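Take a look at the following structure, please.
To keep things simple, chains are lettered A, B, C and D as they appear, and every chain counts its residues starting from 1.
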Amino acid sequence: MSNRHLPKPRSQRALATATTGLVALSLAVGSAAAQDTVKIGAPLALTGGLADEGKKQALVYDMWEKKVNDAGGIEIGGKMYPVEIIEYDYQTDGPRAGQLAERLITEDEVNVLMAPFGSGHTKIAATVGQRYRIPTLACVASSESVYSQGNPYLFGTLSPNANMTAAMVEYLKENVDGLSKVAVYGRDDVFPKSMAAATAAAAEAGGLEVVYNELYPVGTMDHAAAISSIVAAEPDWVYATGYTQDLILIRRQLADLGVKAPVITMVTGPAYVEFTEGLGELANGVTSQTWWHHSVAYEGEGAWKTTKAFYDDFLAASGGEDPDYVHGSCAGALVVLEDALKRAGSLDGEAIRQALADTDITTFYGPINFGENGMNQARELPIIQVQDEAIEVLYPASIATAELELLSE
Amino acid sequence: MDFAQILANGVVLGALYACLAVGFSLVWGVLNVINMLHGSFIILGGYLTYFAWQMFGIHPLIMLPIVAAFLFVVGYALQAIFINKVVTAPVLVTLTLTFGLDMILYNLMTVYFSATPRQVTLGLGSIQLFGVYLPVVRLLGMALALLLTGLLYVTLRGSRIGRAIVAVRMDRSAAALMGIRVNRIYAITFGIGALMAGAAGALFAMVFPITTNLSGVFLGKAFVVCVIGGLGSVPGALVGGLALGIIESFSGVLLGPQHALTVGFLVMLLLLIVRPTGLVGVKGYE
Amino acid sequence: MSDYLRLENVSKTFGGIRAVNDVSFALKQGEIVGLIGPNGAGKTTLVNVITGVHPASLGRVIFQGEEVTRQKPFQAARRGLARTFQIVQPFPEMTVLDNVAAGALFGGSPEGLAEAREHAHRHLAFVGLDPIADQPAASLTLPNRKRLELAKSLAMNPKVLMLDEVNAGLNTGEIDTALDLIRRISERGITILLIEHLMKVVMSVSQRLLVLHHGALIAEGEPQKVVNDQHVVEAYLGEKFAKRLKEMGHA
Amino acid sequence: MRAAKVLLFVAWIAVLAATPFFADNNIVRTAIMLAMYSVLAYSWNFIGGFTGYPSFATAAFFGLGCYAGAIVEHAGVPMALAWIAATVFVALFAAVLGAIVLRLRGHYFAIGSIAIVEVCRLVVSSWSSLTGGGNGLNVPLLMWHPNTVAMFFLYVMLGLLAIVFAITVFVDNHRLGFGLKCIRQNEDAADMVGVNTTRYKVIAFVLSAFLCGTAGAVYASWVGYIDPTDSFQILLTVKVPVMTLLGGAGTVLGPAIGTAAFVVLEEFFWANFLSWNRAILGLIIVFLIFFLPGGLLNTSFRRVVRRLRGRESAGASA
């Protein structure tokens, strides 16, 4: 059952008492009842720029909630607790995300927050959580700058970008003869920017020459100038990061302006089905990295014991669409929470935080072990490629479904 | 870096900018209204073109006149019903009103079309001329943009309605005395502005991924193009569009893409202060 | 008596058009001088040059021995160079009283708002508008707007008052009232430059006339002399008609 | 009349200030946002209301305040000093900029002021070494008890609101306000009666800016994280004038009433019409322009206020 709460009574009263301000508003705040459910707060971008991503989160949240409650709930300190995920739409608006985090904690009295989609919005929500000593689980923030603020209440299931990029550089060096020059081009926004920086650093560390390394600001409509510069630099590998709409355009303009690089990597591009749909044949050959792919096979704790179990459930819930890493990571985060609650044995924020910090388990999503800064330390993240308009896994070898195909004339 | 390639990039992009801005410029020049809806009109045109292509396989070039006609009706109606009531009010009022209307249109589009980027993929590739790459879709877009802009110019110059629009633009009260029904001309002008936006949207669906999030970007470009080129005149939009395309192209290569947008806006601010009539503008609007 | 306000070889060009061409003249303290000329002769432009709205392209404007060619309009106002507009320029949403108070507060000697309103009442009484002091300015009839404009200028404690077509659009009775007001203002020692295109109106009050045609000063002197000047007649009636008139006069 | 307005305003501040004692922190947060928006609306009122210049630069001042405060605080300067530094910086910025852009009028000024927001956003986001660029910037967090933090920031914002209100009352009854009203109604005529229009406009522009800067810096300290997109929002820059217009531009109580009405409406629609809230805000704007062109203060609300006041103090005269 979906549980998208609409705080009607409070707000209607607010309207009725516009002139006397907030007096009556406060009367609506009920006193805390003795708690017999685990409450999880989730500000989601259900409208606005990140709506598509927000809806993905909502989908797996609902799946998990149903799955756990059908099994009778979670056993905490010898008692079975049903779970309730309380979701609000923050409209892809930073200040709203903060406001909602505060409302979830103070009015809905949630025990844990699930961070919203964007890295920036994750920071805002986690900051509120930290004030109230409520743990925040982030399933779609991978930039280390989000975790570098010494917030002991923030945990993330994605592993640091650097883990990804170093593996990518190694893989390409092994599989592409004569790889020497790389061009890096990224959107000036938290996640793409840190991926671009990490890739440039990893490439240099790996002995590659970075021949182009630039960012484009939010609001860029066209990439011809940058791509002409990239063409002139004659790279063997073009690495671009940004939102799907940017990457579709960049891929197209790379082709239009005659880029000859044998490898084009786009992050997160191919990890989303919209990318391949938007580009058609042009998507073929584009490589990417992702934190999770449904062809991995892990066994572990929680609502879904195996990747297969999650995948099957997901297909049923989504009407046949494949899950991407957002789905995997967010479901994985809830599975970790499930485990941590059992170990914490209480609903106290501090106890849950400690249990999360001590986590060292394997889930359907993969191994999870939060490091010093709260980020998952997993390695061996999948490298994928679009072949024949479908996603193939190239790495790690244990789950590879295809060999790297080079883009060449 | 190849100078010819940078220039070609700028000119092709500039023609698209001109097409994007010309309707906005016309409305501003004739009605003295800053139409905040313009960006969303373009997006609407783009979406309609995309869905016609995706669902019924209708070619964007066939959709273009249909979308343009549809948006003319939308624009005409919005002007006749809403904007006309405050058309003589200060800019704060008209701007805020069109912003409010834009919020409604934007919301409708996000609900019915979602924020997923959509693009018509024709896969035409590019041609190479003296070592300069020219994407065919963009060349087509540029040709159409110039054609549309030219058509508008000819219409304004040659037709009865066009002459009436120009008369209203020059002197509203004199035009009224001459028996021109000013309100009708306003609605037609606003309709033509929307029509040009719709046509630009149909073009853009072939060139750019269309998403509602881009409406603000398109609107911003229209501002800059109008101020650089000069208001209310078709040649102004053309010059402004080409100038912006070339400025962005060169600054993107020389200063890096991070600063290309900033340079465009700075040129605009500078021109606002030094020469508010724009590069080819005429005096007369405040 | 020395020159109070003096223009030396003043020219003003807009684009390629010379609206005022090499004009020199002087006003003495307390006199009433008429500035006449056909429509488009450059009369209003000249006032704009003096008050700093469109500073002179060439030449100098000297007021009380100080060069003020480049002054801003508000500085002109504070120096005592006040003007009324051909097309009246009230603050439409303010009351009649506050319109005049604005003149007193900013153009006159610095004082508080309350004091400015007191002064305003005095000036309104002088022009006969005090009974409607609390009405919004937008609601006034044309003659009353002209009077308001006058009261506003007076509130600025002007030394030189430039009245740009204060009589335009008024009927004969209203013109007489206006001319009476102008004489009374002059009696306070305020220099008045009366801009008109109807010669008849200025003849009765002006001590001297200046005639502007196509931006140039074509005649200056006693009213009676000036109106019989060949150039002036030509300027007003056109060369042919003037010639015929002259022949008729000789006949 | 004036005393009654001040009394009403003081009562409103008192209601907001009392929220921590009877409401939870979510309500207090709304009260903080309300106070903050009121500061922005009162600030805008100087240039947009009194002077009649259609400024859409509020988001630039707010965003620069956010960044100036955050950068200075980041450098180890105590919070309160960082706020003052941000205020001074934004005031100077507005003074320099005002001298240039206030030469424009009408549509050109409107477009110019929007461009300022966009240029600020782009410069801040590309100057990564100083601002963190798209990564945003973290501000040292006050780790007091959440209730204390909420109360603290509420009182700071209310303090700013009291300051901006005091300036508004002063300006309204002073030659400055009188001159600004003259400029709004007829700038050429104002010039002719001796108003130094350039200076007055720049003063109004600075007044419309500097407390936005302070509010931005306080906001940054409060939320602990800022980024270019949220700090320089075009939506914010339009919302603030709409709030003021809703209450009544150029009036002393208008901004407070408009902001309160807007925030309550926004919260209500946002909570009840999940995916349609933007359209509904659009409808509010359309409604406002057609049915309340003078704002709440100049329509039925005036009667309500008069009635309320009559009951409270029978002696007060209108």
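We adopt the following convention: a residue touches a chain if its C-beta (ideal position, glycine included) is under 8 Å from a C-beta of that chain, and two chains touch if they have at least 3 such contacts.
Here's who's who by UniProt: A = Amino acid ABC transporter substrate-binding protein; B, D = Branched-chain amino acid ABC transporter permease; C = ABC transporter ATP-binding protein.
The shown structure was predicted, so the numbers you read here are calculated from the model rather than taken from an experiment.
Relative to the C-alpha centre of chain C, the farthest chain centre belongs to A.
Each chain gets a centre from the mean of its Cα atoms; for chain A and chain D, those two points are 35 Å apart.
Centres computed as Cα averages put chain B at a distance of 32 Å from chain D. Rounded to a whole number, the gap between the C-alpha centres of chain B and chain C is 48 angstrom. Listed for chain A are residues 47, 188, 215, 217, 219, each touching two or more other chains. Multi-chain contact residues of chain D, defined as those touching 2 or more other chains: 122, 126, 275, 277-278. Across the assembly, chain B contributes 110, 216, 220, 258, 261-262 as residues in contact with two or more other chains.
Two chains count as a pair here when they touch; such pairs are A-B, A-D, B-D, C-D. Touching chain D in their complex are the following residues of chain C: 51, 53, 72-74, 77-78, 82-83, 85, 89-94, 98, 101-103, 105-108, 112-113, 152, 156. The touching residues of chain D, when paired with chain B in their complex, are 48, 52, 54, 56, 100-101, 103-108, 110-112, 114-116, 118-119, 122-123, 126, 234, 238, 241-242, 245, 275-279, 281-286, 288-290, 293. Interface residues of chain D, counted against chain C in their complex, comprise 173-175, 178-179, 181-182, 185-186, 188-198.
Chain contact summary for the complex, chain A toward chain D: residues 4, 6-8, 10-12, 14-15, 18-23, 25-26, 29, 46-47, 89, 91, 93-95, 98-99, 102-103, 105-107, 120, 123-124, 127, 130-132, 143, 145, 149, 187-190, 192-194, 215, 217-219. Note for the complex: chain D touches chain A at residues 12, 15-16, 19, 22-27, 29-31, 33, 122, 125-126, 128, 132-136, 138, 141, 143, 146, 149, 223-225, 227-230, 260-261, 264-265, 267-268, 270-272, 274-275, 277-278, 304.
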